[in-house]
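In this document, chain identifiers A, B and C correspond to the written order of the chains, with residue numbering beginning at 1 in each.
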Amino acid sequence: MSVNLRIIPRLDIRNNKLIKPYQFEGVKEIGNPITFAKKYFKNNADEILIMDVVASLYNRNNKIDIIKKISKEVSIPIIVGGGIRSLEDADNLFKNGADKIALNTAVLENPNLIKKLSNKYGSQSIVLSIEAKRNSKNNYWEALNNNGRDHTGYEIVEWAKKNIKLGIGEILLTSVDNDGTLKGLDINLIDYFLDKISIPTIVSGGMKDLEDINKIKNIKNLNAISVGSLLHYKKTNIMKIKFHAKKYKINVRIK
Amino acid sequence: MISIIDYGVGNIFNIKKCLNNIGEKFIVTNSERIINDSNIILLPGVGSFGYASKMLRKTNLDKIIKKNVKKGKFLIGTCVGMQLLMDQSYEKGIHTGLGLISGQVEHLKNLYSKKNEAKYPCIGYSKLNFVKNNLKIKNETNNKCFYFVHSYYVNTNKKFIIANNKYYDKEYPAIIQKDNIIGLQFHFEISGNSGQKLISEIINYSKK
Amino acid sequence: MKIIKKYNLKSYYLGDNNPKIFYGLPKEIKFCLNCSYSNQKPNSEQEYKHSISKKKPLIKFDEQNICSACKISNYKKEIDWKTREKELIELCNKYRKNNGEYDCIVPGSGGKDSMFASYILKYKYKMNPLTVTWSPHIYTEWGKKNFYNWIASGFDNYLFTPNTKVQRLLTRLSMENIFHPFQPFMMGQMYFPPKIAIKLNIKLVFYGENPTDYGNQSKEDKTSKKNLDYFSVKNTEDIFISGLKINELKKYGLNKNDLSNYFPPKIEDLKKKKIDVRYLGYFIKWEPQKNFYFVSENCNFLPAPERSVGTYSKYSSIDDKMDDLHYYTTYIKFGIGRATYDTAQEIRNGQLTRDEGVKLVRKYDGEYPFRFEKELFEYLSIDKNTFGKISKKFKDPIFDRDYLEILTNKFRSPHLWYFDKKHKKFILRKSI
């Protein structure tokens, strides 16, 4: 692997506030997203992931202002997701600081949207956000949408492959079961998914502590990890995560 | 004065922010007169080559850029902007580029054997392997990481290559140069402080 | 549409300025300016008095169109919770046994509120609670898991599961008579904790939030005590279950053995044993979403893997499949569905703006209970195999979608609904 493992802080926002849901439920406020983004950038974050967790629920898009403000404070890539359902939504975000956009809910109703977006902006700017929920009865992971509220009926690899054909360039794979819980990255999920998918994937959900790095060090082609609670609740910081990764001979970018 | 070419393609927001941070004066323009008046031209670009080159032709900017390059103005092309310097690209068909440096744009997978595990697009930070240092980039800058996000690469003559990027077990050009034409495959504007330093040094080189 | 022809659609004309009004609801439909409640929202009552002819106690709106629940919520912002906590500590000190015996009862089913209550009573206030559960009609898969996780996080639990045949029959009768599938369950569930308290001699019973938080009349918000009138009766002849009197229920083969679990305790028994019923929500600022986070982190509570029918929420009241039908019936009778209840609470607690709440109500309120439809219909069907000759007492013993539709249209108040001839469906005259 020659690109470095990226550590990407995940900022879930609602109404310009940084929040932290638990298993994709709840809107507990943490603070000012701009302050946090700035802090993470200074602490060597590789990218910033900003997800508006209620945009698809309310059919609205009011995050331009906050994206603009965060973008002014950082000079690393910004991924923005949440309620993107048209070319216009995407245009607006790219014009105001987004480098990549993440989609989920709109894609089910409108598969053509991915094609249109990737034709205009290039597939490398289009991220598919997969909310993976374990269905223990049937022993597979299902892709949810509407922020973990509704079913798509698709198994995650099937859903990913379908959209890769349509032109996505990257995947954000979040474990709904572990997100917000600090119980550890879902290694089974990551293992299962990564070796079946041919495009870079950011894994997210539940990172518990530095020892999670040890657990993932042997997973081939792990491109990036997105971290939320572990950073927001100040249990560790990005530099510590990176130094730890270096210890385990994982290449990371250190300023 | 730097002219940033506005042709409806490219993340100008971040480039403007970056140049502001390093105190460089610039103007975002598609006006022939303004471009003729500037000494450095920055050609950004994201998305598909075909769309970008179509837009350049549609706006006549392709002719304006070539004219100015002939006059000796410095041209810095980044990401798709670098790819546009080539003769043609094979991204989703065959599309014509500016032909300012001979070479073509091909999919990364052409570099690798079928068994290779490389994933496309290439997304992430990578250190550059400098082959020569004609651009006089400082040591402390050229051993930093820069952000790549692309599926196509520039296949050109070795003599134009300043630095390569190694992805899995193969290399491809990350910085190219032919006289007053410079190409950067990565996004300097979102590569943190290192990106800022690098573009600053390249601009300084172009000014001399 | 043969089904709709059975009903007098004349009552549901759009242009009718004086439509009939069911349930004693107010004629003019108003919405609270602060939350998402309408003035058609019924408050809880003494369930054993609940019959179709009775006028429903209603939420109050003031001259500024603010509902009583919002007023209570505002008033709560001024409360000195430290003082209230002191009162709780004194109360606990009074009842704490410290000898291995239970010193309080916490009713619940493994939802976030009972988990929260039992957890802090045990670990913060050092009580020895016995948790008691009146089994849901049909546990959801995740509800069951949460129930076990609750016990696993350190509590003894007394689970009472009523005779399913009786509960099914009563639930069906309740649908027929008052279009309220939860009514018998509510009686069983409400009367069980005080009765157990009497039997086991555990004087202190802790409920969670005070119903005044949801609009009940405010006499109750100034005290932590739950009015014993809610669950006691002087005379069993006065009792209605499923909208029927006891001697009417005999017709369906239900005798005292079957029904005694649904009877409230006698008030003399409660007084003799000095049963003391309190709302924990008086002593602690009760914020459901905060409780959700707390029990997720401390008791392994898991939100549902999908939003509940009729709402966006995944953490509120997720253990009984019958909920889906229940909120459908409240939507039909009062124009108020599950999303209204959930958003109203979250607006008051700051997790939603009113604007967001309104969007959610418009999106989800009144959603048809598709997901567990089959199971719920089976539950409500009085089939010959299980019920023998009682099955014959019902003109339509098998409950299915068509029958639900017939029943539904009997209970729509014409002042809330009109029939759209073009699209052939009922529409609310006034929505939020």
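In this section, a contact is a pair of C-beta atoms (placed from the backbone, for glycine too) under 8 Å apart; a residue touches a chain by one contact, two chains touch by 3 or more.
None of the values given here were measured: they were computed from a predicted structure.
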Chains touching both chain A and chain C, listed by label: none
Per-chain Cα centre nearest the global Cα centre, belonging to chain: A
Rounded Å distance between chain A and chain C, as computed from the means of their C-alpha atoms: 38
Cα-centroid distance, chain B relative to chain C, in whole angstrom: 65
Inter-chain centre distance, chain A versus chain B - centres from mean C-alpha coordinates, in Å: 28
Residues of chain A defined as touching chain C within the complex: 15, 22-28, 54, 57-59, 133, 144, 146, 148-151, 176, 181
Parts of chain A lying in touch with chain B, wherever the complex brings them together: 1-4, 6, 41, 46, 71-72, 75-78, 94-97, 99-100, 119-125, 169-170, 198-200, 220-221, 223-224, 253, 255
Residues on chain C engaged by chain A in the complex (per definition of touch): 289-290, 292-293, 296-297, 302-303, 305-307, 312-315, 351, 353, 356, 359-360, 363
Residue ranges of chain B touching chain A (in the complex, touch as defined): 11, 13-14, 17-18, 21, 46-48, 51, 80, 117, 119-126, 145, 147-151, 165-168, 187, 189-196
